[in-house]
Structures are given as structure tokens and as C-alpha cells.
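Heads up, the next two complexes both have chain A, just with different partners, chain B and then chain C.
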Partner chain A sequence: MQTKRTIFPNKALPYLLLAPQLAITSVFFFWPAGQAIWQSFLREDAFGFKTTFVGLANYTALLSDPNYMSSLQVTAVFSVCVAVLSLGVALALAVAVDRLIRGASAYTTLLLWPYAVAPAIAGVLWWFLFNPTIGILPYMMEMVGYDWDHSLNSTDAMILVIIAASWKQISYNFIFFLAGLQSIPMSLKEAAAIDGAGPFKRFFTITLPLLSPTSFFLMVVNVVYAMFDTFGIIHATTEGGPAQSTNILVYKVYSDGFIGLNLGSSAAQSVILMAIVIVLTFIQFRYVERRVAY
Partner chain B sequence: MASLVAAATLAGTSTFAFAATEITWWHAMGGELGAKLEGVANAYNASQSDYKIVPVYKGSYAETLTAAIAAFRAGQQPHIVQVFEVGTGTMMAAKGAVYPVYQLMKDAGEDFDPKAFLPSVVGYYTDTEGNMLSMPFNSSTPVMYYNKNVFTKAGLDPNTPPKTWEDVEAFSKKIMESGAAKCGFTTGWVSWVQTENFSAWHNQQIGTLENGFGGLKTELTFNNPLVAKHWGNLKTWQDAGIFQYGGKGGGNDAPPKFYSQECAMYMNSSASRAGVLANAKDFEVGISMLPHYADVKPQNSIIGGATLWVLQGKADAEYKGVADFFSYLSSPEVQAQWHQDTGYLPITQAAYELSKQQGFYEKNPGADVSIKQITLNAPTANSKGLRFGSYVQIRDIIDEEFQQVLSGAKTADVALNDLVKRGNALLREFEAANAN
Partner chain C sequence: MVENKPWLTALAHLVLILGVIAVAFPVYVALIASTRAPDEFMSGLIPLVPGPHALQTYWELLTTGASTSGAPPLGPMMLNSLVMALIIATGKIAISILSAFAIVYFRFPFRQFFFWMIFITLMLPVEVRILPTFKVVADLGMLNSYLGLTVPLLASATATFLFRQFFLTVPDELLEAARVDGAGPMKFFRDILLPLSQTNIAALFVILFIYGWNQYLWPLLVTTDTGYYTIVMAIKRMADVADGLPYWNYVMAAAVLSMLPPVLVIIVMQKLFVKGLVETEK
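Showing the complex of A and B:
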């Protein structure tokens, strides 16, 4: 592996070039993150009159709270399902479009549309489709004997938010997969075909490995998406219910902090969430990226 | 005029120096109620030229409260904020943020007599010394609406609504068997109607220390046999199709079930009256008191809705305007009109008397059920209301545990024990954050 070191003859220039980025990162990340860490050690009343330093009390309270533990679990299930579903479907669609000779651009455009939809709108849209009282899907499911009710049934609610969150992300994944597929040289696949490899063999031994940089990038993006960007979808569909069964961590930060006004606990949750994402990203780059061939 | 100019300059408002002093009023009334509220503000603005009330819609009650707190922390608070009754504990604990209404009226030299207000309303918003802290505005209490046409179709007397829960069950069965409607009843606000008001109506304690009126060291006591029986029954009735769940919080899915004549009975705030009558296009609506269990004598229901809180940190001249507006707001004419337009309770005796004189109740049968129900008996320690810290979150817990009962994940007993345990943890947290 080649070294990535570059030598700058001018000592000040690299720092100068980095300065704007560092300034932005400090103002918009380090400063608020530092505040969150500080606030997570405090107990404050809603109006901010009385502030007491309570050390790790907010953390110990969280870690002994079964609701927080279940929120962790819910987040894990949700993130993995969204990532797997949206990556899987996007890849299938990309492969299908890649094989098309005519009309590929029309399909691409159509498949991209959902990405332009705001998360809250996507949430409302699926909420309407699945609404037990007025929705069309529960009506159809009732005909085959399934009584859909995401306002009471935790599994139904989880399925709803996973579908709504994945639906939006499929477009994004699709366009990257398609670009990745189209950059794979035709000659490789043709050579394999001449050697007698069938379409499945060609896909798993040539296409998929060559897509690994794209897949890795998308995996990181999708996990971050599922953990943070799905806030609007949760808010518009289930609001974390029923009985907190779709209350993912980022939504819990909001509901405890902004609705419940428990600022200390909310800050502690943000810090834990930040730590989880740092660890996840580290693992991804440390262990998964090694398997990626660029 | 000189003082006005000074006031406007002092406040640093961007208004033209000779214009009226602006007073911001954050509220949570959307839709039809919002339009009525704007009407009240406009009428006041037209009645004098010194002050201008500017109402601003801030979303749901919870959102309005949160917005006001965030604004206060940022020094951008409105003069007046509408806070729902379960936010009372939070506001009362915020001593430095709130300008108590009794103090405001005294400082501004306005006539103000707390005894003019209905006792069941005023008790909610006074401190232990009997000082009124916020201005009652829109207080309501849950009642039962029922579909008279469906009752007739099912062979029931449309003028005899069910009195007891046993009746509700029997009537529902009859309605469903006769095919007059698909479901017996639905409800908005499971927390407020089927838990808190249910408790008060049956004279059951909601929490210790007089339901939290006595201080911060209070504990919830929802896990009593009667509430457990009721929640258990609701689950049984849901399984039988007699009861349909309308969702958490306000229960947004409940009203359509009643409007579309799917459910024959519907329990919700008396302030839903305008909406119910507007949406009941093909049928006649009856209004009656909440049902009670046959072996219990009903006590009195408790209020919901909101009051107006004044926030600290504005110029004296502006507070004079707030006080002047409050005097206008509590005048019998304004209150009676508001009550008649919306279905909220007439909050003063005078407004109630005026409505009677005007013959409003003869023309609108059922409009007085709410006030009769809330004043049915003198309130006991169990039925004068409730005041707990973090109660907005506790309401969420009530919803969550009730959902667990309906989905069959927990029995009513287990759910109520968990509810009390989780709620008490929040109360302790609130106590620690607000102890002196």
C-alpha cells in the first residue's frame, strides 16, 4: 500500500488551508458537543433557574431505565432493517436498470423521485396509506384476514416506520449503485461470460466485489441516515409509539428534552448517541474498510 | 400619552411611537377555536386604543408550553401564554418566571375578585394561600355525545342516554346487534377522560397530598381496583368491538368514528361541542353526563382546558395593558359569548347567569351538561383537580400503559402498577429539580 503522506514546503500554508474547515467544525460541532457534555452532568428545572451539578446521575438513571434499554434495542433493529432493506432493494433495482438497453433514463428518473420528498411528507404519506381508519392498505390486508393496527400493535408500527424510512433512502442508494455498476468495465463481464460463468456467478464474483467501495460508502451513509435523518418520519407516523416500540434514540432525545423538558437526561442521551456513532464509524472504517478494494 | 410613548420606547418595540402598546399572546387554539379566539382579541382591540393584543398560534398545548419556556430562557418571552391544566405544576414551580395574576391585578389597580369565578375552576389555579396565579380562560370538562338517530334505530329511547357503564355496555350490544352502528362508543383523551376524570367522577384519589395540591412530595395512586376494573373492561369491550380506541393524546381518530356514525357514543371535552354539531350532518346529537359504575354515586368531574399565565420581564406599562385585557376577558358578556360559541365552561358565575338569562340553554339543549356535571357535588380532596410536576410526560405514560393493556401485552393491574412506578420516578425527578 502506498503512503498517503504529502510534504508541504511551506509550514503555515496547510494550517491556513485547514482553518476554515476547523473554524466551522469548532463552531458547529465542538462547541455544541462540549455544551451537551457539560449539560449532561447537570440537573436543571425547565426555566433554568436552578442548576445543580449531579455528576453521572443522569447517565446512571438512563442506564438503569428499562425504557432506555428498549430504545437502544429498537434503534438497532430499526437501523439494521432500514439499511438492509434499502440497500437490498436499491441494488436489485440498479441491477435491473443497468441491464436495460432502452428506457433506462426514464426508470432512473422515476426511481429518483422519492428522494426529493421531505422525511415528514414521506412519513405522512405512509401514515395515510397504512392508517387503520382511512388507509387503503389495512383495508386490503383485512380482505386477506390481517387486522393491521399500528397504533396498538408494536410489530405493525415497526414495519410501518421501516418501510417509510427505507422507501425514501432507496432512491439515494439506487443512484450510487447504478453509477457503480456502470463504471464496471463491460470487458470483465464479457470475459467471464465467455469462460462460461452464468449471470448469478458473474454477479457474485465480479460485479459485487467491484461494487464494494460503493457498498461500503452507502452502508456508512445508511446507518447514519437511519439513526438521525429518520426523525421526521417517526414524528409524522408513530411519534415513537405505541408504548415506545418505535422510539429510536434520536426521537427519545427530542421527546425527553423538548417535550419533557428533562434537559440533563436529554443531554446525556445525546452524548451517548454521539459515542455510539463514533464507535460505529470507527468499527466500519477499521474493520470493514479493509475488505474494500478500490 | 407621554407615558405611552415612554412605554413603547422602553419596550424597545418596533412599533410606531404613537401606536398602541403591543401585547403578545401565545395560544394553542387552532381551527374553529382559533378563529373564535382571534375574534375575542379583535373585539378588545376595537374597544380601546391604548393597547393591541397580538395573538400568535404556537401549535399544540405541549408545543406552546415548550415554546414559551424556550423563549423565556432566551429572553424573548411573550406577555401572555396559554398553558393547559397539566402544565400548571410546571408553571407554579417557576416562581421567577411567572407574574401571578392576583399580583398583576393588584399592581395595576384593576378590580379583581377570585370569588366571582367558579370554585371548581379557581381551585385549580390558586396556591396554598388562596392566591390566584393564572387567569382562567378556557376551561372544559368531558361529557358524552351520542347519536340519537342510531339510538332510535336500535329501539332505544333517544332521550334516555346511558347513565352507568353497565348501561353503556348493554346499549352498545343492542346497537350493534340491531345493526344501527358498528361500534358502541369511542373516546378522546384516555388519560384525561377515562383515567383522571374517571377517578374524580368516582371520588377516587389520583395522587397523594390532595392530588398534588399539597406539595411536591406527592405520589400517584392510579393503581386502585376501580381504575383497574375500568381499564380491564375497556380491553374486554375493545375485544368485543363495543369500544374502539381513538389513539393516544387527544385521540385524533375518535371524532371521525363518531361523525361517520360508526360509533354511537363519544366521550370528549365539552369544548368539542361546536365541532361535533358542525360535523353531525345526518344525525341529531344528544349530550349527557359521563357514565359511572352502578355501585358508585357520581361525585363531580374535573376541568381541562387552559389558563393564561403572565411571564415576567416586561415593562410595567405593558403589564397595565395585560391587566386591562384580563378585566375585559372576564367580563360577563365576553365570557358568556366565548362559552356559547365554543362549549367551554362559563368561568364566572355572572357569565353562567347571563347565558341563562339570554335563554341560551333552552335554545341549545345539552350545552349546560358540562357545568351541571362539574358542579354536581361540592368537590372533595379527590375531585377538585390534580397538580403534579412533569404531568405532560405522565400523560404520555398513561397512554403508553393503556396501549399495553389494549394490545394484550399487560393486564390492567400490571399496567397501572408500572404507570405509577414510572410516574413517581418523574415526580421525584421534578421534586429534586425544583426543591428549594
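Showing the complex of A and C:
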């Protein structure tokens, strides 16, 4: 680990400085995480009278539970769709802003602010727009003959949460794409232009490959976002329904634990989720290290 | 721009205008809905031009609350959100700048170990371990309090890393000069490091304020007393009407109110926000 040439000699002071962070981390991160792991090996009856150690039974039960498997699948579809949609739109917008000389900062401001909207609020806004009886979008869809109802139709519900989640994430991706685009040296594009490459050819042969580290980083961040930060969107709109079709893993931990009171299963799900986050974070850091080495 | 192609510039403007419209449309509709009377939503389509009820709706919501839909006033809730966001932002910055200072400027046993202990919390978002964390907070008697709302969210690995990265770029000569002048560690921290970190602190503050304001699941769990409700979590309760239709004008007005402070913060602090975001995620 990197360190300074000159340091302070104090012995007790650094511990004192670290104490607040370590105290909070221990009480609210490590203790509960440990509890989750321990609880995932236990089975408690519904009234909390008796707790038995059941080993890996909670995990095997989960992995053979079709509900859990469908939730895994729903999460995968949801995160991939959100990542692709929000990355695609954000890239188009960033490329457009990068091209402009005048008005670029005005557009940037106008595209930035959805970052500040809470996921739950984003969900409510789109829920309103898509409301089957009074919403404006179902009204327009009816004109082309589509009968929208996200409270009954699984696909409609999925589309609703994907759009709400992507809408909120576009501004985030936009900032990073714009920063990435602006760090590409102009001389490369000029050289290609002199060689006769048109704007689209330049985009696909120069800009896109040079943006690939940013895109990869954003891909991971977006998947993490879709998996964990969209709880509010799901809870405020579909509550996992209809028929479990939008019941993503994070929501399932909550509903099985707090509503179903199935503590062992909820804890086992938490542990699996932690493992997923750790893998994703690891991938991200490997990549960051590589980028630093360049 | 490499060459001048007017049609490409026009295309760029077109893409951006469409983008801005797509981004703004839901909020526009919410704003319009909040200016209408509740019975105007029965007709079958949301109106798209403003109505005359804006002031009345917002005033009622903020002060008396929409008693017809069983919602308490939103004014105090916004205050709760503000308190929560401010405590989280300042608290996170304070504890992480101190621990970054300890990690960079001292050498002590277990330094590496503590560093990794903080590092690993990066990987455990609160959503993942809600049930056991809730239990800890309940056991500590912190339900329905500002402490319960904020303290469990205070530890932040990202902020610690941001400050650590920044401290590593501060020239060693500054510390040497300070030591020659006889300054102790806390004096060095206060008189040299803190002023140098000003922009970083401000940028981080913007991001953490929004993070705190937008918390949803956590306040939902730890508050049952309406006196501690935050505005973001209250929306869901307003929109969930057991039977009958929600009062859309109130729900949308509440949505607008809950977005207003963080959106204002971003627009006013745009530069700092972008800088902070790009740096924290690096």
C-alpha cells in the first residue's frame, strides 16, 4: 500500500481517528452481515419459538424453488435491459453534445437532473404516465390497438419498471460518456478525417474502441444499479407482481423477510446477493487497476 | 469538431431535443397534474395544460396535509428529509476524512487490516442486509429517531477512498514544512489539509446530500411514527389507496415537492456535482 515519505509518529492518535468509522462499520455492517450468514443456516418456525440448525438446507431449498429461479431470471432480464437501454440512449446523447460547440452546456444541464430524482419517485412518475385508466401512454397505445395493463400483463409490468429505471440512470451514464469522449484527443479524429474517414466511420473505428473502458465500467455499474438500487421503483409501482414477474432478488429478500417472515430463506438470499455484489465489485476493481496501469 | 457538416450538427440538436423532452416529460405531466382538481382525472385522460389549483394544492399538502387521503402534512416530512440528508452528508464526510487522514499520514499496527475492513463495506449495500441491520437498530432502540435514520448509513468506503486518493497527491513538502514549524498532526489537518480539500468536500457533499434525501427503503423500515416520515417514503403511502382512486393531484404535487430540493442542488452545483461524481467512482 502506498504511503507517505514523512508521517506523524503518534501511536494512539490514528486509532482515535479511525474509531468512528470502524465503530459504525462493525456495528452496522459486519455484525449484521455475520448475523445474516449465521441465520442462513437456521430455520425458525413462524412464531419464533424454536430455532434449529439446518445447515445448507435453506440454500438447497432456494435453489430448487421455482420462485427463486424465476426471480433470478427476472433480475437478469431486468438488469440487462436497463443497462442496454440506458447506456444506448446516454451514448447517443453524449456523442451529440460532444459534437456541438454552442449550446452544449445548456443541454448538459437539461439532461443532468434526473440523477437527483429518487428511484421511488421515478417509479411513481412513470406509473402515473402508464396508468391504464388515465395515463397518457396507454391512451396513445390504444390508438394503435394495444391494450396496456401493467397490473395484469407481466410483459407490460416489466416494460414499465425497465423504462422507469433506465430513465433515472441515463443522466449518470451521460456524464461518464461525455467525460470519456472529451478525453479522446482531437488529433486522432483529425488524422482519420485527413485519411478520408467520414464521421460514422470515425465513430465506429476510433471513438467507440477508445470508449470501451468507460463502457465496460458503466456496464458493471449499471448492472449493480439495476440489481440493488431499484428497490424503490419496484416497491412503489408493481410490488413484484403481477404473478412475480417483476420480483427482482432485492425485492424478494425484503418481501420474504419482512412480509413473509421466512427469516432463514431471506438470510440465505442476502448471503447469495452479497456474493454477487462481491464478484461484481471485484470485476470492477480489476478493471480500474488495469486502467491505472495504462 | 473535425469538419463542418451542417446536417450532422442539425442531427445532434434533434437527438438532444428529443432526449431533453423524453427526460422532462414525466415531470412535466406531474407538474400539470398537480395544478388540477381531483375530479378532473375521472374523464379518462390526463390534461396536458395547467389548471388553476396549483397554489391551493401545494399549500394544503404542506400545511394541513391531504386529510381526505389520510396523509399527514408534508412540510414536516420535508424537514425530516432535510435533516436526514444533512446529517448523512456531513457525517459521512467527517468520519471518512478522519479515517483517510489516519490511513495516509500514520503508520501503525493493523493499518492494512483496517484499510481492508473499510474497503469491504463497499461491497455491502444496505439493501442486501436489511433484515439483520434492522434487527441491530431495533435492539439498540434506535427505531423512530434521527439516529436510527442516519447512523447505519454513515460509513462510506467511497468517500474514504476519495480522500485517500487526494491526500496521496498532496506534496510531502507541505508536511515537512509544517513539522519544521512545529505543527502537530491535528494542526496540520486543520490548517493545511482541510483547506486543500475544500473542492472535494463540496463535490462530495452534493452527491451525499442527494443520496441521503433519496433514501427510501431504510426510512420505510425504521419509522412507524409519522413524525419521522421522510417525503420520499410518504409518496408511496399516498399513492396506495385501499379502495378507490388515489388523489392524483396530491400524489403528483408531493412527487414534485420531493424532487425539488435535490434537483435544485444539482442545477446550482452542476460543476461540483460532475467533478465529484466522476472522481468518487474512479
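Note that the second predicted complex is superposed on the first by the 240 of 294 C-alpha atoms of A that agree within 3 Å, B and C clash if a C-alpha of one lies under 4 Å from a C-alpha of the other, contacts with A are read in each partner's own complex, and residues count from 1 in each chain.
Operating definition for what follows: a residue touches a chain if its C-beta (ideal position, glycine included) is under 8 Å from a C-beta of that chain, and two chains touch if they have at least 3 such contacts.
Just so it is clear, the structure is predicted and the values come from calculations on it, not from any experiment.
When both complexes are overlaid on chain A, the residue A:43 reaches chain B alone and has no touch with chain C.
By the document's definition of touching, both partners, chain B and chain C, reach A:133.
By the document's definition of touching, of the two partners only chain C reaches A:28; chain B does not. In the superposition on chain A, A:119 makes contact with chain C only, while chain B stays out of contact range. In the superposition on chain A, contact of A:171 is made with chain C only, not with chain B. Once chain A of one complex is fitted onto chain A of the other, the partner contacts of A:208 are absent, as it touches neither chain B nor chain C. For chain A, the partner touching the most residues, choosing from chain B and chain C, is C. Once the two complexes are laid over each other on the shared chain, residue contacts for A:262 go to chain B alone; chain C is not touched. When both complexes are overlaid on chain A, the residue A:56 reaches neither chain B nor chain C.
Contacts of A:151 after superposition: chain B is touched, whereas chain C is not reached. In the superposition on chain A, the residues of chain A contacting both chain B and chain C are 133-134, 258.
Per the touch definition, chain C reaches chain A in the complex via residues 1-3, 5, 8-9, 11-13, 15-16, 19-20, 22-27, 29-30, 33, 41, 44-46, 48, 94-96, 98-99, 101-108, 111-112, 114-115, 117-118, 121-125, 127-133, 135-137, 140, 151-152, 154-155, 160, 168, 172, 175-176, 179, 184-186, 188, 210, 213-217, 220-221, 232-233, 235-236, 239, 248, 251-252, 255, 258-259, 262-263, 265-267, 270, 273-274, 277-278, 281-282. Chain B makes touch with chain A in their complex at residues 62, 66, 69, 72-73, 90, 93-97, 245, 247-248, 253, 256-257, 390, 392-393, 396, 399-401, 403-404, 406-407, 409, 422, 429, 432-434.
Per the touch definition, chain A reaches chain C in the complex via residues 1-8, 10-11, 13-15, 17-18, 20-22, 24-25, 27-33, 35-36, 39, 89, 92-93, 95-97, 99-101, 103, 107-122, 124-129, 133-136, 139, 167, 170-172, 175-176, 179, 186, 189-190, 193, 199, 202, 217, 221, 228-229, 231-232, 235-236, 250, 253-254, 257-258, 263, 266-267, 270, 273-274, 277-278, 281, 288. Here chain A touches chain B in the complex through residues 43-50, 52, 67, 132-134, 151-154, 239, 241-244, 255, 258-262, going by the rule given at the top.
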